[in-house]
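The chains carry the letters A, B, C and D, assigned in the order they are written, with residues numbered from 1 in each.
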Amino acid sequence: MARLDVQIGGLTLRNPVTTASGTFGYGTEYLDFVDLGRLGGVFVKGTTLEPRQGNDYPRMAETASGMLNAVGLQNPGVDYFVEHLYPVIKEYDTHMMVNVSGSTIEGYVACAERLADLDKMPAIELNISCPNVKEGGMAFGTSVKSAAEVTRAVRKVFPKTMIVKLSPNVTNIAEIAKAVEGEGADAVSLVNTFLGMAVDAERRQPLLSTVTGGLSGPCIKPIALRMVWEVFHAVNIPIIGIGGICNWQDAIEFILVGATAVQVGTYNFIDPTATVKIVEGINDYLDRHGFKSVSDLVGLIRK
Amino acid sequence: MQVTDFIIRSNEALNDRNRLIKVTPADHRHLPPMQPGQFVQVLVDRSPGTFLRRPISINFVDREKNELWLLVQEVGDGTREICSRQPGEVVNLIYPLGNSFTLPEGKSDHFLLVGGGVGTAPLLFLGKELHARGFQVDFLLGGRSATDILQRADFEQYGTLYCTTEDGSLGEKGFVIHHSLWQEKRYDFIYTCGSRPMMVAVARLARERGVPCEASLENLMACGFGACLCCVEKTTRGNLNTCTEGPVFNTDMLSWLD
Amino acid sequence: MARLDVQIGGLTLRNPVTTASGTFGYGTEYLDFVDLGRLGGVFVKGTTLEPRQGNDYPRMAETASGMLNAVGLQNPGVDYFVEHLYPVIKEYDTHMMVNVSGSTIEGYVACAERLADLDKMPAIELNISCPNVKEGGMAFGTSVKSAAEVTRAVRKVFPKTMIVKLSPNVTNIAEIAKAVEGEGADAVSLVNTFLGMAVDAERRQPLLSTVTGGLSGPCIKPIALRMVWEVFHAVNIPIIGIGGICNWQDAIEFILVGATAVQVGTYNFIDPTATVKIVEGINDYLDRHGFKSVSDLVGLIRK
Amino acid sequence: MQVTDFIIRSNEALNDRNRLIKVTPADHRHLPPMQPGQFVQVLVDRSPGTFLRRPISINFVDREKNELWLLVQEVGDGTREICSRQPGEVVNLIYPLGNSFTLPEGKSDHFLLVGGGVGTAPLLFLGKELHARGFQVDFLLGGRSATDILQRADFEQYGTLYCTTEDGSLGEKGFVIHHSLWQEKRYDFIYTCGSRPMMVAVARLARERGVPCEASLENLMACGFGACLCCVEKTTRGNLNTCTEGPVFNTDMLSWLD
């Protein structure tokens, strides 16, 4: 049996398979389906300084091999998280990591500060790429300057592993990855959702209350793979690959183009046991092809 | 909650758009406890246009035959694909999902269950459970025409069946909210499932009469088990997940009547 | 029966349904399937100053609800086009328009100049967005400055309708649309393909000879719709909507968010008669909803 | 070329991975003229993982029954979906596509048709047409085992059948290029279809013997009718579309033997 553990900054994951923020709740929602102890880690729902009610219904539209969402970071706020959710999830036998979202630099910083104190919170993922909140989020992730700024500010208050989650809605994602690497990010995760739109032709109305929303699912995989590949050739920090991963083949593809770990997102809705199957599939693949460690696969596909 | 392969035992056309599909677990294990109002998420894996699962109510649980019944109306690619499955084929379900209609403990209350179209689906199972608890149940089902009122014989096993049809081909002519029953009888609980305008109208009548009312919502869902926050309904307690805190809500909690 | 004709710059199309460059050959390939006289127009294969052999095989990979291509602008060059192809296609009973591609400004200009002389060539589409040629193409379309430059240069030599085809691989497509509008483009068409990648996990190799390629098909529709919608709110010239259009519903959706006409691309491979069905579907829709003209639908979905 | 709905008349398993599917136009019209080597593009509309059509050779044309035969090997989602279609169901084809094997005019030439695996598919139709023109045809078919050599009885109607199997369970043991036939007989034309390594080896033998050789390629295709330029093969005349200038090429044109 090959080694599955991987290193993300100072953090060791038992295997490269983690879950994408906003698609796996707080892990709790999946306890009936998944033994969390078999996952590399869980990225919980995007958390903001203040509680947020999120956007109005409808928040979802199905698209070809994917979906749009406009949840808008509905969450009970970091204080509630620390007091009521953290005590429960810190008992889970995997790394539970928070996706930190915000609309101002101060918001990100204050939220990250609160989380830095938590013993069993080894890492945060800085979400500078949410397309679903008017006031910001994605805006930070679409310019080198603001991506660098927010990374620098949070780096000052969060000494543990800091992963920055990048937006794919940009001309040059490698440039942004380099910028956040320069500001001390321990890793980058990509991609967040693509800004998209869906329309009801018969009623002549948008299908989302917010008109536009974030596209996820297998439809985005080819673009996400390309972006991971580009970033891999631009930075020296580890990459967590995200975008349409449904099975072990997809996960291996992301690893081959440069991801050290992966996140499974939307497909959890279709098969809530997908993550565990992916862990098994990667393990089989390594044995079948005679690899000693999953790390040996990272970036094997070269320019 | 579990993810389970089922075998299709039968698939019967009830009219030109609705099919009754009876399934049993492929591994022959006993069906777990289920409550009326709960639903399943059906995997649709043979339709290129369909990506997500489709929520379908639990229409009935036949414990003797270890069968789950689904009543499905063909409205788009997903439901059409589900309806095309033949006996012997496999269908994958996540279930049981959601809360349920309130089943009070053994008082001799009178219940009115109001359904429209395929919204009658969860009311059969609900009627059976209420009946089994010794309650008196009236069903009031509406449709455009007699052929739209499905599973009549089944409903009649568990209570008295009243109908309205828009063309008058069965029961009283008109909509459920205009049935003479509303003038004649008093109920302790009213439960409803159907189109939103119908449920809003029923909730309004219930409120006028001071009767508690529960409605089962059919919000769009991505996951069905509380992970995505896509299915929210605005309530007096904020945005709640229809899939976990519903699909059944007391209509007083909803913003419908504001 | 409602009016189907639409106006693109000085050009009147008999209906809004045209075909996307590179997916409809020179029209000739579809004569068995489609009465070209029923189409608004045909955008023929990307044409360059010099002949091009294109990229090596394999040039195609199927993806979820889409495909990647890396054809690389294989074409016989503008001289061959003018001498051998134009004489044939100018007899077709629809507007035959050339997609002008290049890797240098001089190449675009020289190619456009050759085409300007042709009587029955009412318009060109300036392809500043092809992701499949190393030396350029897409590079022009991903910066405001170079998009403006090439538009300005070609504008000087091409007096008839000039449509500029935009790349979706950018942070802000509206900005680029505004820039080319400022340089005298009569219309913009969007989107070209998204840069993507596909990998054979078993063989640990890219599936395309060029590693990356252009993603098209229904998978990109939600992003393309959003981009058309953004551009519609930024410019005053007409928009031709492109991206994953398969049926009349899709076409109506693009029109509702701001497209004056549409191009059908990849789906022609799956149903070569799709274009004609879309024309019929739009016509039925207009009648059913009581619209007098398809123009009345343009941009009906507002912010 | 046309886009046509066909009805599946029969779908027969020839072994565990290959099925012979016979179809007839849904509108009962006569099949158009078709040439051996040509292919169809099959619409795959019940597999979420499949987007494009799938190219399949014309295996045989039964003019009496107005039937087209497709021999399909299950290798992935697309071919599996095609193979799952039941008699009575509809399948949509674009056809006939591609060029064809050269059919010389009435000389008394000897032909060798070499096929491997499902690559034998177009050779049956080809053999029949050559036979009908009075040519003498030898078939040399290879597979791993006897069960891989499909449609033997059909082939024997139109020529002499020689086989190789890797396990020796039928004909000579080994690969087609090692069959003793190569030492014993001389041919005027060699036509081949199968895996690329096999065809390259056959082309090499043909060249050694100075015999003209045609091979049918199976390049990846998006459209199948010349519109996308995805299926190109590098030839002495530059990049040519396999779907329109092929799938059959004289092997001297290909870069294989360089």
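Criterion: contacts are C-beta pairs under 8 Å (C-beta built on N, C-alpha and C of every residue); 3 or more make two chains touch, one makes a residue touch a chain.
The model shown is predicted, which means the values in this text are computed figures rather than measured ones.
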* To do: Determine the set of chains touching chain A that also touch chain D.
  => B, C
* How many angstrom between the C-alpha centroids of chain D and chain B? -> 53
* Structure fact -> In whole angstrom, the CA-centroid distance of chain C from chain D equals 36
* **Centre-to-centre distance between chain C and chain A (centres being mean Cα positions), rounded to whole Å** => 34
* **Numbers and ranges of chain D residues touching at least 2 other chains** => 48, 50-51
* So which stretches of chain C touch two or more other chains? -> 63-66, 217-218
* What topology does the chain touch graph have (line, ring, star, complete, other)? -> ring
* Pull out all the chain pairs that touch, please. => A-B, A-C, B-D, C-D
* Asked: What residues of chain C sit close enough to touch chain A in their complex?
  -> 63-66, 68, 142-143, 169-171, 194-199, 201, 204-206, 211-212, 215, 217-223, 225-226, 229, 244, 249, 252-253, 256-257, 285, 297, 300-301, 303
* Structure fact -> In the complex, the residues of chain B that touch chain A are 1-3, 43, 49-53, 94, 219-234, 238-239
* Asked: Given the complex with chain D, which residues does chain B contribute to the contact?
  -> 45-48, 50-51
* To do: Going by the contact rule at the top, pick out the chain C residues touching chain D in the complex.
  => 22-25, 29-30, 32-33, 45, 53-54, 56-67, 69, 71, 74, 217-218, 266, 268-273
